[in-house]
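First chain written, first letter: the chains are A, B, C, D, E, F and G, and each begins at residue 1.
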Amino acid sequence: MAVIRRLVLDVLKPHQPNALDFAVTLAEQGADYRVRLTVTEMDEKTESTVLVITGQNIEFEAILAAIKQMGASVHSIDEVEVCATGPAPE
Amino acid sequence: MAVIRRLVLDVLKPHQPNALDFAVTLAEQGADYRVRLTVTEMDEKTESTVLVITGQNIEFEAILAAIKQMGASVHSIDEVEVCATGPAPE
Amino acid sequence: MAVIRRLVLDVLKPHQPNALDFAVTLAEQGADYRVRLTVTEMDEKTESTVLVITGQNIEFEAILAAIKQMGASVHSIDEVEVCATGPAPE
Amino acid sequence: MAVIRRLVLDVLKPHQPNALDFAVTLAEQGADYRVRLTVTEMDEKTESTVLVITGQNIEFEAILAAIKQMGASVHSIDEVEVCATGPAPE
Amino acid sequence: MAVIRRLVLDVLKPHQPNALDFAVTLAEQGADYRVRLTVTEMDEKTESTVLVITGQNIEFEAILAAIKQMGASVHSIDEVEVCATGPAPE
Amino acid sequence: MAVIRRLVLDVLKPHQPNALDFAVTLAEQGADYRVRLTVTEMDEKTESTVLVITGQNIEFEAILAAIKQMGASVHSIDEVEVCATGPAPE
Amino acid sequence: MAVIRRLVLDVLKPHQPNALDFAVTLAEQGADYRVRLTVTEMDEKTESTVLVITGQNIEFEAILAAIKQMGASVHSIDEVEVCATGPAPE
């Protein structure tokens, strides 16, 4: 077994919801998530953002669903940090 | 639920009030806000500034209102840091 | 005797499994492995990644097998950190 | 209420008083001020300097008056750090 | 008397043994050696590597012999750190 | 009142006394001075140096006199750090 | 009185003794010297090196003599750090 401790995602989002509400919604997907959203580029309709999510056990599917629900899309998974949490399979 | 711990805003302000009074007014919107204002560009009428606001639970609406009241405008939300403060919704 | 404490590998992987599942599978090869995967380049079919694996006693063969099983290949061993764990041979 | 903890000023000063006496005079405007003066440019008559002033509660007006009294001028307020010191206004 | 605490060597090695086995063999020359091997360049037959070896009392001759035995050669000693371990000669 | 805690001076010195003796002489002007001298440029007759002097209460006049006595000159005061040591004047 | 705590010397040395033996010999000039030798340039006959020597009370003359005895020469004293160890002269 292994858990996800840190995720860096390249996410393309519409202007609404704004960066703040977008980050708050993602943070609310877990009890201890910390979300840092940085806007890297902005054009007429969209914002390219880098999302850094940290937590003890990040549920990627829930994050992915919330991102899609807000009209955004994951351009790429740029970085992941995972930790084993039990003996390796025989 | 999630709270805002750090906000980085790109704000365009007139010369008056000066950077100092502008930062003091924003800091006074909360009981523990710390505000760092850096002037990045200056032209005849306006100053481009980067505002970093930190606090345990930043109220964005109050900050936004104070900024507008001083004749300035938020050009973009460059970075946000939020923390979940309770169990994720079922 | 010496044990491997840190491995930096340049690995070429297909898009599936995605970076997350790829890293989780590698982490699960040991009881305390920590795996950081960074996507450095992406083209139509593959992703160039840098893998940093840390642990008290990393078993390289198991990591190598898991990488091959997921259709990927080790382009190069970029960095290793090993520690002696007992007296040098006479 | 909010207090000023850190001020970064771009100040144009004449050669006399020298950088040392200039900094000492500003430090003496408060009981715990720490003043760092860096000369960034020098020409025939003047010196461009960056002043970093830190203290628990910097009085900007006193600093401004002392600067003018020594024949110098504040070219710009480059950075300010302020802290709220009490509940936000209702 | 003085002991060697840190050695940085520029070493040219053949592809076999691989970086990992090469580093393990060097680490096993001492009871507490820590070896970090970084591949800086790679061509058809050889790999240029930078080796950082740390330990309480590194025996250079043993390291040198092991490097030669694996078909590699020390291009240069780039950095050494040594410590005196007793009174200077009268 | 304010005391000087740190001074950065751009000093032009002759080759003799050498950098070492020059620094020792300056350090001996106080009971706790620490002097770091870095040679930035060297030509036939002189050496451009950057002097960083730290201490609890640096006496600039004594430093200036010692520099002149060794045939050198202060090209500029590049940086000063001073601290207030008592209540501001009424 | 003042003592030398840190010396940075630009030293030109022949290939023999090698960097390691050269550094060991210098470290042995004192009871607590730590010597770091970095080879910056290498040509047919000589090696340009930067030597960083630290200790509680470095004796420069002994270092200088040892350097000369090994056929090398001090190109320049690049940096010195000295500390006062007693009251300034009246």
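Convention: contacts are C-beta pairs under 8 Å (C-beta built on N, C-alpha and C of every residue); 3 or more make two chains touch, one makes a residue touch a chain.
For clarity, every value in this text was computed on a predicted model and none was experimentally measured.
As a whole-number value, the distance joining the C-alpha centres of subunit A and subunit D reads 42 Å.
Centre to centre, using the average C-alpha position, subunit A and subunit B are separated by 24 Å. Of all residues in subunit E, none touches 2 or more other chains. If you sketch which chains touch which, the chains form one closed loop in which each chain touches exactly two neighbours. Think of the chains as beads on a loop: from subunit F toward subunit G, the beads read F, G, E, C, A, B, D. Every residue of subunit C that touches subunit E in the complex is listed here, in rising order: 1-2, 4, 6-7, 60, 76-84, 86-89. For subunit E in complex with subunit C, the residues that touch the partner chain are 18-20, 23-24, 27-39, 42, 62.
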